[in-house]
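Structures for review follow.
In the two complexes below, chain A is the common chain; its partner is chain B in one and chain C in the other.
Then we have the complex of A and B:
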């Protein structure tokens, strides 16, 4: 059997892999990435210098960094040390869940657009717009109500404001794509810069908090922020927000798989011409899916303002771009986004623990993080790739009338 | 993430189209593979592979051991008998307080988001901690937050840690003020210090700088030089043209302190000198700094002062090209940016390291100034105008005299420098 045949064989096995097999493959990839990362940590530990007391010894050789400690901190540290018995409700686990919550929304935002065959690189910009709108809208509304009633009213209001403005900002590239045939990748990237620039202009000028040296809006009153129930008050985490996130995961799954709109979105993503032939209004679907995607990004911004910072400050972290990776990791499946966001959350929050507990430079931890994501994402990536190749998979090959194959259209991302 | 965005076309056209050509070449190489395989057999090749993996990992290990780094005993470098040197270490610590296992204080550093290696603010804060490590025998642990929401995380980790128990947590940069206000309230027994902002709590010492005072001296120097014919290094001023410039980073209250002091100093030197002001909107954009400064030099400015972080590198480039002068900021930039030493007249240094060092010193001495706000100015060397490494000696004595007189007047309180534009 030739190498090419064997590769094709392997790929078709990958395409036909059952859910259990895929979980096993991902786990194996995770373990492999940890092993390779451990070697990197050891190598880096030989390239730096330290005193004998700080070193660890493996194979009779001294190393400055201990990979066991690094990965222990990266994973267990992020979970708040559940094994040590000192798990605290205000510990690192709350940070992990906080990051997870935000990444769920940006991940869903990207995933929805992907499913419609659209590359939404603009989630970051939509998040910025949503965040700023929420900060200003809720600040205005908080003068009208107060107390517990205020919380009940203002939080849905803030999410709505974020969703509406993020959605409108997402609709712009949608309209440009549908009616002016503008490539959404370019427009969404450009709109990111516009959002950041305009936000800086507004927040350093008209809406600046006069009491702060930073470029930020006037902080929201306590009752206008997500309440900390059960745990996480010190870590700016609210389980209510995570609840909203899980709700969004389920809702988007339902919409995509069990509604007419979801069918339109999916078919447009798989085969736009066929979808149109089958009666899908392509223009409407593009605008609608990008608006909805933008709305999810806007909600992420609203969460960031009402849960994490309590104000809008320029320099919003790159949750929108992380969302792209989360979505790919999840195979663009809303249910997978929840899991991928948790993995990302663990890695993000674990990074700070590693930095705190060891002398390993943060850049090296970034490399380990990247390795893990790359390894876990690769099998899914190859699956997407393989499904397009003729001769892989058990499905008989569909030949389009122009002689090409269905796979040539590409972009099929459905599970 | 950007790698993804940079090549979207490939993704959209996914999967790659196959061409007959490629297929042919693949087959060719297959034939070769098959032939060689026929000789060795699958088993043999498996063994080959295993042997290769084994050899590779052995080589890797040897390579690792051969690396120059790794642990080294104090003094006895490279020798395996590190036990002996450890023992002598113990003797040292028995003798006195030097070099022992128990440091005089444990200090946690939470840097600003730029991280270490920024060539100014964070590096200078680290300088203060390193100095304290050397002179006061403290030990410190560093953390470099990447985003604003991580400030609180790190502050709490330091505050919560019991192994070691941190005596002081240094928070560098004004963006930390909101999270520190919360953290300080949650951990009343933990001492904190913050640079560039004030937090009103009993366990927080705030260190701010009177940047306007140092900038006043920079303005005075620029004003005196631009009104005379002066030439040194790579630049010159023409007495006929009385114009100087100020390039700022992101417009904020903090940077406006620099501008206000500079303008006041220029006005004190001469009534005829105009200041052109430009904010580039970034601390990390040398191209924008170069553009802004070039425009100033072209419109007749001889000397440009910047308070723009790394953007200021562009100001120095423009000064060299246009044969003008520049004034640096934060550190002695004629030393940290030696390529431009021939145009840097001086630098308005802001001693973040002094703030860090003195807070650690106070902690070690048991005199932590909790709840206080220390404003470091000219009087306590928190800010200063230092002359350029290369050009300083060529400055006219008259200018130097006037600057040092103004410095004494400010310290004595005879001159009041405005901190707002």
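Then we have the complex of A and C:
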């Protein structure tokens, strides 16, 4: 058997892997990436100088950075040190959950489109549009209601506005694809720039907060923001938002697996000719799934405005691009998105903890994070690639480039 | 002198299939040898053994008397074997010269650079020697298919091939290009090259070859001299004595017109008129058959009726309504069942299991998915019922569609569509690839549906099948119905003539001005030959 045959064989085994096997593969990949990361930390530690007191000693050799500490901070630090007894809901764990919540929505957005066979890179733009629309809509509506009633009314209202506008912005590439045969990868990338540009224009002009130097809207009143229940307000996290996120995970799972619409979406995604034969209206399914995908991205934007910032400000972090990685990590399965978003959330929030706790340069932490994502996502990525081979091979390739930048960009926004 | 190629007792087994069974083949130097057989007879497998792509399970390959064991095509090429595949292996944006020399380019500067001038010269010289008309500097994407094929041949000659294998070389060519190809083959054999070409077309084998070997079901059933054989003899060798399935067709009450087409024109993907003004109607309780050699517009007509393709003119009515532009979903919901021609692309979602596949087409129906919510328990029961009744193996609803054999996939699709409680069943080659027992079962079910007053539109290239099942039979030729006949009143001979485009009353439909643009003598010839094959087959059957 030649090397090529062996590679093909391995690839087909990967495609056929069961759910249990996939969990095992992912866990093994995680462990392997930590081991390789540890070696990198040690090597980097040999190449810098530090005082003898700061150094740690392994195998009789001194290293400046301790991989045990680094990974301890990266994971346990991100969880707010649950083992130390000083765990507090106000701590780093809230940050992790905040990131997780936002990534759940952007991850679901990408996953839904992917299941329909559409590569939506526009979640970022849909998130920006949703965020801006929510900020403006809630600001307008907050003059009508206030107090506790305001919270109860305005939060669903804000989410709805975000979903509607994100959805409309997602419908644009959907319509272009369905009726003008425009490639969604190109159009959604372009629409990202348009969203960012238009948002900047509006927020630096007509809707600018006159009391602020930054390009942002007037801050939302306190009652129009997600309430800080259980977790302290300091970390901009609300358990209510996470609840919505988990609800969205369950809802999307239900839609895909138990409804006729979901069946249409999945059939179109894996075999468009069979879908057509089975009476699926291809054009409508494209528009509907991209609209719904955009709506989920829009909700992420609404959450970002009403939970994190309390205003709309230009330069929204690249949650939309991270959503691509989260979705691939999850094999585009909604339930998996919940888990992948948590892993991604831990890594994002853990990165800052590592930087506080050690002298390890942020670039190296970025590398460690990238390694983990690369290792965990690679089996899923190969599955996508192998499935895509007989048909259009271009889509999975786009995953490689864009998924890669997504991780990088996510890293930069943190720092 | 030893033969150029001598295959001795070649057997090639794949899991569950014997593709070649103890095949002997002798090809003399400087001759053209045709390897004739139906699709799936094992022709290509045998040649892949010779070309080193497959290792034979047993048997030896001898070239000029010397036994050879090839591990890869590389070895075969080194031993002077060249193969021109049906789908060309050329790099489109590269020039003719680059393609021919690819991987074996003449080098200069101690092997560091490609000697482009030298390569071009070598190609020109080679083309001149065999009288080939190729432009060495043209890009592959800019030249005709015939020229691409000549480039493929030159590629093999450039690598020193003495024996050339051509897999269905005429399938992609226009009739003029076929003539040119045969001239090229003459020139090659005149210069001592040996040619083996794979084909399923009787006429071409007789025209181009010196000797013809016929394969059937993986066995060689005979080798004949092209000069002394007849089409009838070849057809009989090729098809053999098929079991004549006794279809008790009976008579049924025919009811109202369920579906009809009037003056329907459909263009195919290339914009060619595949269906050119066809009209018919199908009544409840009758089987309306469409016979004809594949590729005479039947597929496009069926797609227009079922809603996968929009007709360019004409009208299609179903249950009294104009459905010419109605969606596929509307037609399904109105009671149209459809067994598609291509089961793996259309009929089944290969990644889904049978439970999910049983839902295909019913996902918006009240039965299994009321209010847009899928009742998976019911859907599973539905799939299991199909599996049980139609004897789908393995009987496992959780099995993925792709894990089933072709015949079992087909049975599942047939079951799903027949159990739809339809008003009209459109069945395109419903028994293709299905074993004999299941063929009988599918035929019975089809006739049962007819008894129940269902209208059936049946398309099949198996003459026996359409003739045995149909109440009325249309013969398609070049996008038109040549005639609609009563199959019981028509002999196979008459049908054969109709299938070849011979119009009733002596009007030859072959070269009419109004025919589809791509048609030419080649197609007509092929149709006649196939018709002849069917004739031979039928005559054979009647003798039996």
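Operating definition for what follows: the second predicted complex is superposed on the first by the 362 of 415 C-alpha atoms of A that agree within 3 Å, B and C clash if a C-alpha of one lies under 4 Å from a C-alpha of the other, contacts with A are read in each partner's own complex, and residues count from 1 in each chain.
One rule holds in what follows: a contact is a pair of C-beta atoms (placed from the backbone, for glycine too) under 8 Å apart; a residue touches a chain by one contact, two chains touch by 3 or more.
Worth saying up front: this structure is predicted, and the values here are computed from it rather than measured.
Partners chain B and chain C fit side by side in the overlay (superposition on chain A).
When the shared chain is aligned, no partner comes close enough to touch A:333: not chain B, not chain C. Of the two partner chains placed by the overlay, neither chain B nor chain C lies in contact with A:100. In the superposition on chain A, no contact is made by A:217 with either chain B or chain C. More residues of chain A are in touch with B than with the other of chain B and chain C. Legend: residue contacts after superposition of the two complexes on their common chain; A:236 is shown touching chain B, with no touch to chain C.
Residue contacts after overlaying the shared chain place A:259 against chain C, while chain B stays out of touching range. No C-alpha atom of chain B lies closer than 6 Å to one of chain C in the superposed arrangement.
Within chain A, not a single residue is touched by chain B in the first complex and by chain C in the second. On the side of chain B, the complex with chain A involves touching residues 1-2, 4-5, 8, 11-15, 17, 26-27, 29-31, 33-34, 60-61, 64-65, 67-74, 82, 85-86, 113, 115, 141, 143-150, 152-154, 156-158, 161, 174-175, 177-178, 182, 186, 196-197, 250-254, 281. Listing the residues of chain C that touch chain A in their complex gives 308, 327-329, 331-333, 338, 340, 342, 345-352, 356, 359-361, 363-364, 369, 372-374, 376. Residues 258-261, 263-264, 267, 270-271, 273-281, 387 of chain A are the ones touching chain C in the complex. Remark: chain A residues 2-5, 39, 42-43, 45-55, 59, 61-64, 92, 95, 98, 119, 121, 183, 185, 189, 200, 204, 212-215, 219, 234-236, 308-311, 313, 315, 317-318, 321-322, 324-325, 349, 352-353, 355-356, 362, 384-385, 388-389, 407-408, 410-411 touch chain B in the complex.
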